[in-house]
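Listed next: structures, encoded as structure tokens.
Paired with subunit B in one complex and with subunit C in the other, subunit A is shared by the two complexes that follow.
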Partner chain A sequence: MMLVIAALFVWAIGWGINIWIARQKPGRWQSIVSAAIFGITLILMWELIVRGLEVSPVILPPPSMIFHAFVTNKMTLLLDFYQTFVWGALTGYAIGCSAAFLTALAIDRSDFLKRGLLPVGNFVAALPIIGMAPILVMWFGFGWESKAAVVVIMIFFPMLVNTVQGLSATDSIQNDMMRTYSATYWQSMFKMRLIAAAPFIFNGLKISSTLALIGAIVAEFFGSPIFGMGFRISTGAGRLELDLVWAEIVVAAIAGSAFYGLVALGERAATFWHPSMRKQR
Partner chain B sequence: MSGFRKNVWPVLVVVAVIIALWYAFAVVLNSNWAYDKAKRGGYELTFTELVADTWTQKKPRLPTPDQIGEELWKSTGARIIKKWDRTEGKPFWERIAKVAGDPRNLLRHVWLTLSATMLGFVFGTGLGILLAVGIVHNKAMNNSVMPWVITSQTIPILALAPMIIVVLNSIGVSGLVPKSIISAYLSFFPVVVGMVKGLRSPDAMQLDQMRTWSGNKSQVFWKLRLPSSVPYLFTSLKIGVAASLVGAIVGELTISQNGGLGARMLQGSYVGTTILIWAALIAAATLAAVLVSIVGQTETVVKKRMGFVK
Partner chain C sequence: MIDEMKNDVVIKAEKLSLTFETNDGPVHALKDVDLTIKKGEFVSFIGPSGCGKTTFLRVLADLEQPTGGSVTVNGMTPREARLKRAYGFVFQAAGLYPWRTIAGNIKLPLEIMGVPRSEHDARVKEVLELVHLTGFENKFPWQLSGGMQQRASIARALSFHADILLMDEPFGALDEIVRDHLNEQLLELWARTNKTIGFVTHSIPEAAYLSTKIVVMSPRPGRVTEVIETTLPRERPLEIRETQEFLNLSNRIRDALRAGHDDA
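On to the complex of A and B.
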């Protein structure tokens, strides 16, 4: 009981500090510090309440136990990460994004194809494509190939739609100017249209980066070798090894946000000229 | 006529090409099995025989669209008629109950998935809107919670699904609720992000106008912030409802004994009947399309009534 009261006390302190921070002069540090305090408060409360109420670790393990599982199972987690993220998600991401990009370039010259493919692409992008996973696992086997295939299918249409939209982002005045310079199709493509399309392309890349990891993990629920993040999560939950499952989720969270962060950094470097990237006042 | 030629005709052509490719792929992917059978039977296959065989196999690697259509009819309409005829002579309500409770009827699984999706969607959206209101009105909350909400969009929260279900099962919560919880948290985050954006969308001039009229905080909220957030809300709702459906389906993969579209897919992948998986997949796709278009239609009507569309 003492621990639960301590948890409430921690909450009060954390919240008090955050309210105090919110009253200070606004600055860049404010939100970062505030978010960090909130996160630490939550983890401390989790630990104290789980221990205080003696919640069984098969329902909710305390953070210290998850950290312990994370450290002791480093090699397992690394193997799973390698199988699911590097082989499944990244391969699929590379193939899917480049296939969609090349398709977009191919259909760019035909107005007819654009009109036909865009509504179909938009429709498919809203469907629960993850349901294709069992079929692809049957076709490509239990290995990482089937996971990459799921990722390719999941990200193809969002990426295609975004790239096609980006390629039509230049307006007729700009196109006319390139014609005045008697630029060829490829010259105007590389020197103007691809650059103007970059914000849209990066939007597609960012959406795809989150979808890729989800696709690779969920596809493993349908069948996988005896390692992989999705495999570990589904069997670990079944065997009530929840500390290991949580450790795997921590890995997935870190991998997912790092991947997204890298793409976002690339976007910052490539589209520094775009108004949304300029320094906020 | 020109509108048709410009907008509908290309889509029809593309769809027709996709279906033609589908039949071609069916021949390629299923030919192994056909050749195998011919070899064992000791006869040669002509091309027409090969095509005919690959399009009518019982357990093909890729079923043709007409096979999937047939399976869809067999597992919906035909099942209802069959069950109805078989319970001849029983009281009317009992017959209805028998038809509705038929575990092999695909429509029952659609209903199971839909009810979990809707329950989760309503809760997720409601909680999302409440949190967004809190974030907009409380600076401390904005500073501390908002970065986590944004980060949570980049992590695969769907990976939590099996654990949530197993844990809830072990403390005695089963059936519809665990699936809905997954649906709820998948629709929760897009709604929070969209609503925060929407509630902040009134610009300084509009807010000043409200101050000129000495509007208090609740008046500013009800008469300015909430109405201006509606377009943002609907964009989030469209993402949220599709995400809810995915959540419910993935939830059903873990507790397949209760049925649902996800359970049908898993069952199909265990026994190796691709037609069953494809039928469930088409049902899920139709459900997603219907749900998204309902939200889209509501959006059009509401926006028109509120004067967003001129």
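On to the complex of A and C.
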């Protein structure tokens, strides 16, 4: 009971500090510091409440136990990270995004493809990934290749739709302008349309970045070598090694957020001119 | 002598017609338009909306295809003239590319047309001076006011040294004071560069103040009702708009507009 009261005490302190910060002159450091205090408070309360109420580690292990599992299994986690994130998710991401991008360019060039390929993309997107994953594992084997294939199928459509829409983002004056300059198709593509499409393309890339990791992890539930984040999660849960499962979740959260953040940084650099980005300069 | 006169003609339209097929039946945007524009003239097109003034300008620019009659620009078809980059076009909105600075926007047509890179900076400097925007090279379009954006877009249309400048209600969205100012600058620019200018407007004072020739058009079907040659001197301070001569010219334009409206 003491620990639970201590948790409330920690919460009150964290709250108090953040209120004090909020009253200071606004600056860049405050949002970072207050977010950090919020996070630390949450973790401390989690630790204290779980220990105080003696919650079973199968239901919710305390953060210290997760951290311990993280440290003792770091080589395993690193191996899983390579297998699932670097090979499965990133390869699939690169292949899926570039394939969708090139398809969007092809669709743009021909109305025939537009009418033919977009419905196919729609169809692929409608396939339940849970159903496709085992089949892709049969086709491409237990290794990372089948995981990449699942990722490709998951991200192809959102990326395609966004890119196609982006390519029509220029207005009629901008298009007419290019025509008065007698610009060729590729000139107006590189000097205008692709740049104008960047906000849409980055939307696709951001959506895909989160889908890629989910796809790669879920695909491992349907067959994998004896390592990989998805493999570890499903077997860990079976063996009641919930601390290891949580450690994998921590890895996934860090990797996923970092990946998303990296794409978002690229977006900010490429679309600084867009009204939604201007305020941040 | 005859040859010389022929060379003087920049734009010649004969029985030019354009019919848009719409779901509600054909719309006669232009019908049997005859018009000759000579080198160095400042020609305004004025008329109510739907009279085809913008469409005519867009036909000259090869942005619309006529369905009848003939038209030549510098003795060529509009398409050939466009491919030879014979004209600069200024649209109703500035249409600057927001990811490029003002200098970058002005360089864009130069890049597309393959003007050597070493010349780019000099061209930017030259045209920004013409529109009085020196010092704004590194600003982005969205950091400038509407009037400045439109001046930048005029500078961009001038950068590749086309002899013809086509302007489609370029100052329509600007307030009166900015507009006066830009009109004055446009006249100064025209005097300095001796370009042939086609200028669409719906403002009678603007047409009277700027033009050497005013083409009055009327709608349904879009056609030319009268071509008025100006009586004003080439040198025009803003105050000329208070003279009797200016008022007479404005009244002639107004009467022609009204006459065109009555027949419709």
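Going forward, the second predicted complex is superposed on the first by the 245 of 281 C-alpha atoms of A that agree within 3 Å, B and C clash if a C-alpha of one lies under 4 Å from a C-alpha of the other, contacts with A are read in each partner's own complex, and residues count from 1 in each chain.
Methods note: contacts are C-beta pairs under 8 Å (C-beta built on N, C-alpha and C of every residue); 3 or more make two chains touch, one makes a residue touch a chain.
As the structure is a computational prediction, the values presented were derived from the model and not from experiment.
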Q. Between subunit B (first) and subunit C (second), which, if any, makes contact with A:Trp87: first, second, both or neither?
A. neither
(Q) Taking the superposition on A as described, I'd like to know which of subunit B and subunit C A:Phe67 touches: first, second, both or neither. (A) neither
Q.
Looking at A:Trp11, would you say it contacts subunit B, subunit C, both, or neither? Reply first, second, both or neither.
A. neither
Q) First (subunit B), second (subunit C), both or neither: which does A:Phe227 touch? A) neither
**Q.** subunit B versus subunit C, judged by how many residues of subunit A each one touches
**A.** B
(Q) Just checking: does A:Phe140 make contact with subunit B only, subunit C only, both, or neither of them? Give me first, second, both or neither. (A) neither
Q | Touching both subunit B and subunit C, residues of subunit A | A | none
Q: State the interface residues of subunit B toward subunit A in the complex, per the touch definition above.
A: 6-7, 10-15, 18, 29, 61, 139-140, 142-148, 151, 153-156, 158-160, 162-163, 165-167, 170-171, 238, 242, 245-246, 249-250, 253-254, 261-262, 265-266, 268-269, 272, 274, 277-278, 280-281, 284-285, 288-289, 292
Q: Over in the complex, which subunit A residues touch subunit B? Could you list them?
A: 15, 18-19, 21-22, 30-32, 34-35, 37-39, 58-60, 112-113, 115-117, 119-120, 123, 126-128, 130-132, 134-135, 137-139, 209-210, 213-214, 217-218, 221-223, 229-230, 233-234, 236-238, 240, 242, 245-246, 248-249, 252-253, 256-257, 259-261
Q | subunit C partner contacts - residues on subunit A that touch it in the complex | A | 171, 173-174, 176-183, 187, 191-192, 195-196, 271-275, 278
Q: Spell out the residues on subunit C that touch subunit A in their complex, using ranges where they run on.
A: 61-63, 82-83, 85, 87-89, 91-93, 95, 97-99, 108-109, 111-113, 140, 142
